[in-house]
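Both of the next two complexes hold chain A, though its partner changes from chain B to chain C.
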Partner chain A sequence: MPSEQQPTQPKTLPFLFTPVVSSDESAERENPHVKSTTIVPDVVSGLKERFGEAVRAASVYAGEHTVLIARDRLVEVCTYLKDELGFNFLSDLGGIDRFTDEERYEIFYNLVSIENEQRLRVKIRIDESDLEAPTLTDVFRAADWNERECYDMFGIRFVGHPDLRRMYMPEDFEYHPLRKEFPLLGIPGSLPLPPQSPEAGLTMDPFPAAHGSKPVKSFDEEPGEDLSEIRSEMPSERPDDK
Partner chain B sequence: MESDAFNQGYLTTRVDVVVNWARSNSLMPMPMGLACCAIEMMAFASPKYDVARFGSEAMRFSPRQADLMIVAGWVSYKMAHAIRRVWDQMADPKWVIAMGACASSGGMHRCYGVVQGCDNFLPVDVYIPGCPPRPEAVIHALMDIQEKIRNEYSIARDGAVGEKHRSIEPVRPKIITPDGDAAITPDRLYGQK
Partner chain C sequence: MSIIPQIDFGKTLSYWPRHNEAIYRRLESKHAWLEEVRPPDEAESVDPLDNQMVLNMGPQHPATHGVLRCAIQLDGETIEKCVLDIGYLHRGLEKLAESKTYQEFMPYTDRMDYLAPYSNNVAWCLAVEKLAAVEVPERAQWIRMIMSELARISSHLLWMGVALMDAGAVSVFLWTFQFREDLYSIFDEVAGARLTVSHSRIGGLVTDLGGTGIKLIEDFVEHFPAAVVEWEKLLNRNRIWIDRVEGIGVLTPEEAIEFGMTGANLRGSGVGHDIRRFEPYLKYDEVDFTIPTRTEGDALARYFVRMEEMKEAIKIIRQCLDRLPEGEIRSDDAKRSYPGKDEVYYSMEGLIHDFMYTDTGVCPPKGAEVYHAIESPKGELGFYLQSDGTGRPCRARINSPSFSNLQGLENMLEGGTMGDMVVMIGTVDPVLGEADK
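Right, the complex of A and B next:
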């Protein structure tokens, strides 16, 4: 006789936030947030006609067009996009660590045409063995600091950049923090803290307070002239000084 | 006896009390505004919350003229050196307030670039919780600093240049049980030693 408290068959809970992988692209076409400015098939087809093999791939995701360009032709393509097609604004530029064996790093360039109201994403891919990318500062001056940031975070050198220094991290920092193999909490000793006393060197411990260090409020003044002779002649008013 | 003294127009006190009264009511903050806490720090100095009631409305952007540093915001390892340098340039006596979760403990920035609390390189006097704290909380921290100053022996500490400072016990309330012996010591009460 089955009891009422018989455990029921466990149900699979629906996780609605899990991304659904499907070949149906209608979801991407029906992206409610898509704007007409990002749908630029004419630009993509024009690039394919003009540059041929240099446009390695073109894709649409969520109503946004992306072209993958051969690394050596990037400056040529961007110059064409700026001068002929009116993409006169470099909105953003940044690196991606795909963490793959081949062509590990990717750089994206978000281009905007203000008068035509169009947006296009251009990408190049870089192999780990040859971490160099052509600079875009000659085409878009705005690429300067973004490329410095990308160099700081990923270690990708931009050939021809006018001032390729680190953007965020100290000059003598040895690592590139946004690479996947970099630990989230950093590498101990790579980022020193100020000295705990004037004699001590830089504090290499990243968490000195957790290990009992108490920073001093102010360093004692340098000893002045010797007042012991004068003081010995003075009557001591404080008995505990003796 | 006391009423006689008041009638004659004078009273006696310690020099320390007068000095501490002056110091605690004229603190000049050095606004080390590093992130969003600095916005609340501006409100703290603005007319609505009116820190001028406590004599601290004059923010001093030169460390030579300031004696209270308010570290407002998360501190990166790169910025820590600049903050310590500004702190070293401030003249004694001086105090620090760590404002907000990030300055106190690193807060939500548990990552490679952010110092996990500015007490790793600064002698913090008062910590303020909150993300960001309300201006009232900053005023409360300022009042805590004032209370701390009023309990200091600054004149008694001042010796000749180069002389080692002698440590003086801080003033703490003595709690006496009704039968007279000091059964409840301040150390037991505060859980310190």
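Right, the complex of A and C next:
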């Protein structure tokens, strides 16, 4: 006789999208693409000696040295790197969303010394509650547009930047697309497009079928407009819902 | 003295009003050296409508090479201030990359610098290979070099035709397009597509370079240098061309480094910085070539540098063809690159590997981060990749050369004249598909 008791809930099988990392041996394998320019242990040890606590961490992967600097000492360190060690070329600058609770954002600076043939990556970390970073435009003028792009994509404000406008998105856009919580599809209705004909109004929503969820802003702002009120005002299609 | 509030935009700015206002505010507040040069009393007595005007060029303008928008403040014919506005071709490639496997993202790189798609493919693959420590067979590396140099020639040919057309010479455009057609035939034969090649794969190439392809490349290498010599005969001592571009858009070496210019714009200013020498990738440390450099830093210098680079590219291709070894074209490690189609169709393991590689792909260790740059035709094209242990990048950052060059262009334009503006944009050679990502 089958018992009357409730069948136990079958255990949900975990879907392991991520393969187990620890068994990957590629970290130990010799990397055939290592460049001699990025191996700069002397520079890293020199920075540690001179700035002490300001150098929070240093790491190496694939022969590339990365130095994590305290945010307040960034300008000082970069000025030293430029004036004393010859890192005069700012190749790249960009933000990273680590999506962690603490020190969520990271900014990396890719510095090149053309004479000494060296390349060094400097990083700072920024907490979500205090989205500000010192600007490097006084040290490297090339940082100007890159910092604007970083502000556009992550919403990190660069204190002292001469012209902190958005780089790619128009000013009328209110989100920061490279944050992890921003949906890949975009937010319908967030950016009106030009009229389709001279008489028509703005095209408010290019993807009418694509209404996704509206993301909640991640810091210090009111949560997004609650859509449930709007929905309740709309006429219900099925009368028996009431 | 502000001239901005007098402008009545009417209904023309019915969309993105805050964006347009921000551009004009920036134009107004920007510091310009030329304003200081002009004596103040004279400035006040001059009727602004007579002399000064704010002009919008682009985003739809044939001479801006795509969708570049320049808001410029003119004093007579002189450009006092310039604000460049980009982003009209922004597709969010960095955001898209976070949801694609490493191999899936490669067709998107074709659409970045659409004048040299092969270089972008190679740059992406090399960055991923560095991230996951994938070894690439010798033959694939040499073929990648050949095709990248062909892409360089293709890009410089289009630059040459368009830059000369901006300066008023239309016939060169037609000549260079004959050779670009030959190059497209080569890409069609080798990769199966004329423009969006996507021929590279992580760990190697998708197809081998066959006899027909080699024959086409050899024909091209044989005939092309003679054409370059003819063009140089026409242009190098041509008074119309030289008067038009000499001394225009001058950048000193210090300025070029400060603005972060890359590629031929940096080398035209006397800084011999080339990633092929700086951090040799593929087999560039084994071939013999020179890096052309000029010290003038003007538009003419950039022209000479690019012409020389085309000749050097031919030199590199010749050496590659001579030294092309036999062997595999893709890594044999099934966890790190696609198995061959024979294996997929006729073996169970091959099919499983093919499926797994499409679904998950190569998985670099968690927390790994690399930056790999190549010398694309426009300059230093680099990818910064960060892995979270899955088959998709946690962060993929594109360091595009056109973006850096446009930033320098904004400063270069100030102080020039309106008539030279088109020539300056032309010789800096921006591609907006790459700058806008």
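What we mean here is this: the second predicted complex is superposed on the first by the 172 of 242 C-alpha atoms of A that agree within 3 Å, B and C clash if a C-alpha of one lies under 4 Å from a C-alpha of the other, contacts with A are read in each partner's own complex, and residues count from 1 in each chain.
Convention: a contact is a pair of C-beta atoms (placed from the backbone, for glycine too) under 8 Å apart; a residue touches a chain by one contact, two chains touch by 3 or more.
Remember, it's a predicted structure, so these values are computed and weren't measured experimentally.
When both complexes are overlaid on chain A, the residue A:168 reaches chain B and chain C alike. By the document's definition of touching, both partners, chain B and chain C, reach A:193.
After overlaying the two complexes on the shared chain, residue contacts for A:185 are found with chain B alone; chain C is out of touch.
Of the two partners chain B and chain C, it is C that touches the larger number of chain A residues.
Of the two partner chains placed by superposition, only chain C is touched by A:140; chain B is not.
By the document's definition of touching, both partners, chain B and chain C, reach A:177. Of the two partner chains, neither chain B nor chain C is touched by A:129. Where the contact sets of chain A with chain B and with chain C meet, they give residues 168-170, 177, 182, 184, 192-194.
Interface residues of chain A facing chain C in the complex, by the touch rule stated above, are 17-19, 21, 24, 26-27, 29-38, 61-62, 64, 66, 88-92, 94, 96-97, 108, 110, 114, 117, 119, 121, 140-142, 144-145, 153, 163, 165-172, 177-178, 182, 184, 192-195, 202. Within the complex formed with chain A, the chain B residues making contact are 77-78, 80-81, 84-85, 88, 92, 94, 110-113, 115-117, 119-123, 160-162, 165. Across the complex, chain C meets chain A through its residues 14-19, 21-23, 26, 30, 86-87, 90, 92, 94-96, 98-99, 126, 129-136, 257-260, 271, 273, 278-281, 360, 363-373, 380, 382, 384, 386, 389-390, 395, 397, 399, 403-404, 406-407, 436-437.
Looking at the complex, you find that chain A touches chain B at residues 168-170, 177, 182-187, 191-194, 196, 203, 206-210, 213-224, 227, 231.
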